[in-house]
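Order as written gives the chain letters A, B, C and D; numbering starts at 1 within each chain.
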Amino acid sequence: MTRFLKSREAMLTGAILALLALIASRFPGFIAPGNLARVFTDTSPLLILALGQTVVILTRCIDLSVAANLALSGMVCAMLNAAWPGLPVPVILAVAVTLGAIMGMANGILVWKLQIPPIVVTLGTMTIYRGIIFLISDGAWVNAHEMSAAFTGFPRASLLGLPVLAWMGILATAGVALMIARTPLGRAFYAVGGNPHAAVYTGLSVGRTQFWAFTLSGALAGLTGYLWVARYAVAYVDIAAGFELEVVAACVIGGISIAGGAGTILGTLLGALFLGIVKNALPVVDVSPFWQMAISGSAIIVAVTLNTRSARTKGRIILRSAEHRAPEGAAA
Amino acid sequence: MQMSVPSRQFDQTQADGPVLALSGITKTFPGVKALDGVSLELFPGQVTALIGENGAGKSTIVKTLTGIYQPDAGTITLAGQPVRFATAQDAARAGITAIHQETVLFDELTVAENIFIGHAPRTRLGLIDWPTLRSRAREILTRIDADLDPDTPLRELGIASKHLVAIARALSVDARVVVMDEPTAALSHKEIEELYELVDRLKAEGRAILFISHKFDEVFRIADRYTVFRDGTHVGSGLMSEVCEADLVRMMVGRDVDQIFPDRVHNPGEDVLQVVGYSHPTEFADIGFTLRQGEILGFYGLVGAGRSEVMQALFGITRPSKGVVKIGGQIKVIRSPADAVENGIVYVPEDRGRQGAVIGLPIFQNVTLPSLRRTSKNGFLRLAEEFALARQYTERLDLRAASLDQDVGNLSGGNQQKVVIAKWLATRPRVIILDEPTKGIDIGSKAAVHAFMAELAAEGLSVIMVSSEIPEVLGMSDRVIVMREGLIAAELEGGDLTPETLVRHAAGIGAAAETTAGDRA
Amino acid sequence: EDPMRIALVVKALGIGFFEAAAKGAEEAAQELGNVEVIYTGPTDTTAEGQIEVINALIAQQVDAIAISANDTDALVPALKKAMQRGITVISWDSGVAPEGRELHLNPSSNPLIGNMIIKLAADELPEGGKVAVLSATTTSTNQNTWIDEMNKVMDNYKGIEVVGTVYGDDLADKSYREATGLMQTYPDLDAIIAPTSVGIVAAARAVEDAGKVGQVNVTGLGLPSEMAGAIESGASKSFAIWNPIDLGYSATMLAYQLATDQAEAAPGAEIPMGRMGTLTLDENTEGAMADPFVYDASNIEDFKSIF
Amino acid sequence: MTDLSANSAPQTAPGRHIPDRLQGPGARLLASWELLLLLVAVAIFIANSLASPYFLNAWNLSDATFNFTEKAMIAFAMALLIIAGEIDLSVASIIALASTAMGAAAVAGFGMPALVLIGLVTGVLCGAFNGVLVTRLGLPSIVVTIGTMSLFRGISFIVLGDGAYRGYPADFSYFGQGYVVWVISFEFVLFALLAVAYHVLLHRSNFGRAVFAIGNNATAAQFSGIRVERVKFILFLLTGLMSGVAAICLTSRLGSTRPSIAAGMELEVVTMVVLGGVSILGGSGSIPGVVIAAFVMGLVTFGLGLLNVPGIVMSIFIGLMLIGVIALPRLWQMWRG
């Protein structure tokens, strides 16, 4: 508990509460439970992608192709649905996840077997995946009336008062958190990113671990692809364009170290919520639309400054006399 | 406390034969043949010392038999069966475990996890069994007398504690072969003694041990057998009882080495560096000393006493909170290493790989990096001058390298250290600080470094030598400052300089130390 | 004889509206004979991307360029260069400043569109009410013009109050979020006017998800194919659009007329555009094609598979 | 004071002789990335001239250079920054802000020289802002510049809203539309001069050596007396400055400013740098590589543009090239050994 209070997660929780208070002072309706649930639902796609990205960043990689992966998976789902409206949703979900995972694996293979830097690989596949959408769709949109009611209804179906989309976000968070904490692969993500050199000495394959990180990120992007397309009931080449940077920002705000090996799923959750709240609050609090971009940019900088400051570890302490002073110093 | 780590006696039926035998092992890296058809045999219940100069291929064979490298040629036989290890986990499963020369730990994981990563106990569902993992970690730590909480994140530990975790990790596997690659380099006197006891225990349990060290006293203390490598070839093996130190050195180096510390006349000149009331919020306090021209000032202390911290503050890496530094009688404020170099103070760090050599740059660029202003013209590089300067100093230090254009990363540890020393000498400093200058350096090079230090002092350079090796401190220093827990415990000179006084002050035992430390605290 | 090559340059490839316009251009080419239509555009809606496309077209020495511009001014230097090299340049849909083209074809007259979008909302609100505007990007020329025109005629619609304008940047997710925000900020909102085909679809979706079908009417400019679902669900009662096929057809016809010197773009000139009649140019050498057409439950079925 | 220079003649027995280099310059060139890339460029050139009759035309080729000159100017500075282990994703937004500042000044009646100065200063200030956040506060540059990417462009939105600045003085148009001689544009000349300047800076100067040292091991570089923070700060300033230069050229070429100017250019610049063989992990790369990569990207987009291939399909080519140019040699090696 004391460790939590000193952690960047606590810092970020504080920042979120302060942010909510600020918003509520201008628009009290924002913090009504129903609205907060809606904000969480709206943030779920970002959250799901950020979970995958977190795992990738933990292994000292980065996946810039998630948004393109999402768009391609989403387009394929939409086209499948348009062609065979009777296809049940579980099949569509399976296709989305599988397709996303395959795209993630393509990234992973290039990183693992050919040792191309991840940022280069995913910068490349980002444009390639987008291009493929254009090729398969011929640039045409898939519109609401071409989609079946079951297809578009799934993410918004209500379960225990929350839409399925929100449940997906919760489920993905719980699943990834469990995997990180309790499976050997989950721990390997930390080891491989924290000290890739040492990982080899412990018999962990750096490349293979990274491969699985990309696969997971891809699968989650594929899942989000279907959810996204179904939610907005439209699929086209450019959906979620530029979303990859927002996903990376969510991770880093959540304290996932871009240098790999450090960060928590709770952090990612908070980081995504922080951005989600900012994005959802800007339209309702009376801010000129022309100010929005500058405000979200500043929010990212401030959040990162705060949590990098709080994460700065004090070195070990040699002096006896300094030891007693240290805890307060570290908390400040 | 009952240990549950199995301490079974190993089957002694084939006690005469080696449990692990490597033969004809060859391993080539781009440009270097690190191993050339070498053989090595390890016997149950015996300690085999592997010795050789820096770059002889010792660590490479360790990596080969633990599955990290795959040999280009040769065979590995384990208990009579030929084996092949694709990964370190394969080797661990076969009962081979190692404490590697590099620290191979993970800062973001806890102590317990570091011990078990790669072979964590699992529940029936295949998930990690945390309670078991923690309790087994606690047992192993107890077994090696390490007072560490298994749940502490590793990043909160000092370097010595980290090393204990590495040892615990090696013991977490029920191994019949335990490899230790320079395990004592980062340990202090007391911990070294404990390590020896541990080795004895492992021996008694019938495990085969491969022990790599550059320290001969150590080798003679614990080894039963020896194997010597030179330049990637096998030059001899046998029983320790049948050789003397000089024989081993001859095998290693191919000639006799004079191991006596160079004769020096203590003839210090004027004060070059004065440090007064130097303090840091958490690392050290009230450090004061004077360094004179042509003097070698030793800094002794247990590992973690804060010596490196003081030196790094003098070099401008960390900022002291109080105190002044005078160079040549004038007060100087040193805010960065660049300031320090301008003022003629240079520092050869302890952490060679991270702070010393710029891995990725060729040798000559490493050497000229702080001297570029001299080799360049109006800010533009002149390669010919750079090569000339690099050659002058690397050849003086007897560097072994294929060419000056070679990446320093491909040199052995000892040779990297030579590049770093060459780099600083090329700046023509007034004060050179050497932090553990011979750590991990082979005996031939060690003698060369010692001779070289004496020579530098004779030329009028002032030397600060931080060292944890008592013979080196006594043999080289004109004066010695002993540090303990961030404070100066004693300043010793002349007749006061004995192994006993050093240890007493460093560990804080005895009346003398009580008063000294008490005065300053 | 080499065919005459007319380039139809659009804001970005892959947008349904422009795909439909390309169909119309092909139709015109068929009708004219010996005309080759080059349908092209950048990947995303940037002026820089269009300039690269224009440079490539200049290099190919096409005969005419008909462009729907991402930026009124930024394309002028590139298009001037094209004209200097003897290429006929017209703009359509989204215009270029007069010095960068010979004429501009408005899909409809701007005042007419401005009036149409507010009228569609007002017709459903006999008692008056609150409406809000969801636009595309802050820099979209045509949206900004229409909103201006709309504001000019607000006096004719007593009781209708425009409470705010937000920008969805022609991104589905942002438009959706902005529309949701509008419904929260103004709980008694009666209509959302989205004069952009991306925004109107997203707004309809947001209304459905907020369970406000029947309370908030989404209207504006959209494509029947994309809006059919919203009409069906009742989120949108009606919306308008001109026929993009006709627009592409007309643009091609005009470019052909100018490139073959059969007509000249001057204020007051009347230029024939095949089956679409003639275009009359005003003092800015602009002209309007036709009136927007309104789609609702009664006719959507007939059009949703066409464009 | 001790003067060791007098004693610099070695007194210890000299060690073994170590040769300077094992490979001659020819062998190093043959093994280099630049050569491979150059072959790709030549192949693309030949393919383009076969595929389109319009390609081999001086004016057309001159037009084609505009596809890459501005991006390449930024890419030079970005290359140094990436070699030093940092990155700046805010460059396109710096262009927007610098262009907005120039536009505001133009509207206020300032003349050409003042506008140029304002563009450059705005760029440098933005670079300094990034630099301070990264070097003083120790934040990771990729995140800082994701933030400033929104911030800088956001400021232009605040200033300009849905408006635009036009009415730049006539002589201002020279930077983006002028020709020095015949088909050689001002932008191309500037690009060539900057290429030479950056080549000298990176490969022939002490500063460049420091950049490489920092990229390979910043801690060791600091321990070697290099002022790491200062060097990185200067690199951010340079990147800002080059964004300012690009802003002048682009604004002059477009003749107007909107906040959306140069949207998305940052990834193209990074792509160019990486394609040029600069290691994204820092520590290695070269300016000739970036120059060739600029031509490759320019030629590919222009060549495919002549064939009226849609832009998004072109970007597939660029993506494939990015991966392929690194992957193919490795596959070849794996296949042979």
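Following the convention adopted for this analysis, a residue touches a chain if its C-beta (ideal position, glycine included) is under 8 Å from a C-beta of that chain, and two chains touch if they have at least 3 such contacts.
Worth saying up front: this structure is predicted, and the values here are computed from it rather than measured.
Peer 1: Most remote chain relative to subunit B, going by C-alpha centroids?
Peer 2: Relative to subunit B, the chain with the farthest C-alpha centre is C.
Peer 1: Could you compare the number of C-beta pairs in contact for A-D with that for A-C and name the larger?
Peer 2: The comparison resolves to A-D.
Peer 1: Indicate the whole-number Å distance between the mean C-alpha point of subunit A and the mean C-alpha point of subunit D.
Peer 2: Roughly 30 Å separates the two chain centres.
Peer 1: Between subunit C and subunit D, what is the separation of their C-alpha centroids in Å?
Peer 2: 37
Peer 1: Cα centroid separation between subunit B and subunit C, in whole Å?
Peer 2: 73
Peer 1: Scan subunit A for residues touching two or more other chains and write them down.
Peer 2: 134, 139, 237, 290
Peer 1: By the touch rule stated above, which residues of subunit D touch at least two different other chains?
Peer 2: 157, 161-162, 264, 310, 312, 315
Peer 1: Provide the list of subunit B residues touching at least two other chains, using ranges where the numbers run on.
Peer 2: none
Peer 1: Among the chains present, which pairs are found to touch?
Peer 2: All chain pairs meeting the touch criterion are A-B, A-C, A-D, B-D, C-D.
Peer 1: Show me the residue ranges of subunit A that touch subunit D in the complex, using the header's touch definition.
Peer 2: 110, 114-117, 119-121, 123-128, 130-132, 134-135, 139, 237, 242, 245, 248-249, 252, 258-259, 288, 290-298, 300-301, 304-305, 308-309, 312
Peer 1: Please name which positions on subunit D make contact with subunit A in the complex.
Peer 2: Going by the criterion above, the answer is residues 89, 133, 137-140, 142-144, 146-155, 157-158, 161-162, 264, 267, 270-271, 274, 279-281, 310, 312-313, 315-316, 318-320, 322-323, 326-327, 330-331.
Peer 1: Quick check on the complex: what are the subunit B residues that touch subunit A?
Peer 2: For this pair, the touching residues of subunit B are 66-68, 87-92, 98, 100, 102-109, 113, 117-118, 120, 122, 126-128, 130, 155-158, 280-285, 304-306, 309, 485-487, 521.
Peer 1: What does subunit B use to touch subunit D in their complex?
Peer 2: 31, 293, 315, 317, 328, 336-338, 340-341, 347, 349, 354-361, 364-366, 369-370, 372-373, 376, 379-381, 387, 391-392, 394-406, 423, 427-430, 448, 451-452, 455, 459-461
Peer 1: Where on subunit D is subunit B touching in the complex?
Peer 2: Listed in rising order, the residues of subunit D that touch subunit B are 1-5, 7-8, 10-12, 14-23, 200, 204-210, 212-213, 215-217, 219-227, 283-284.
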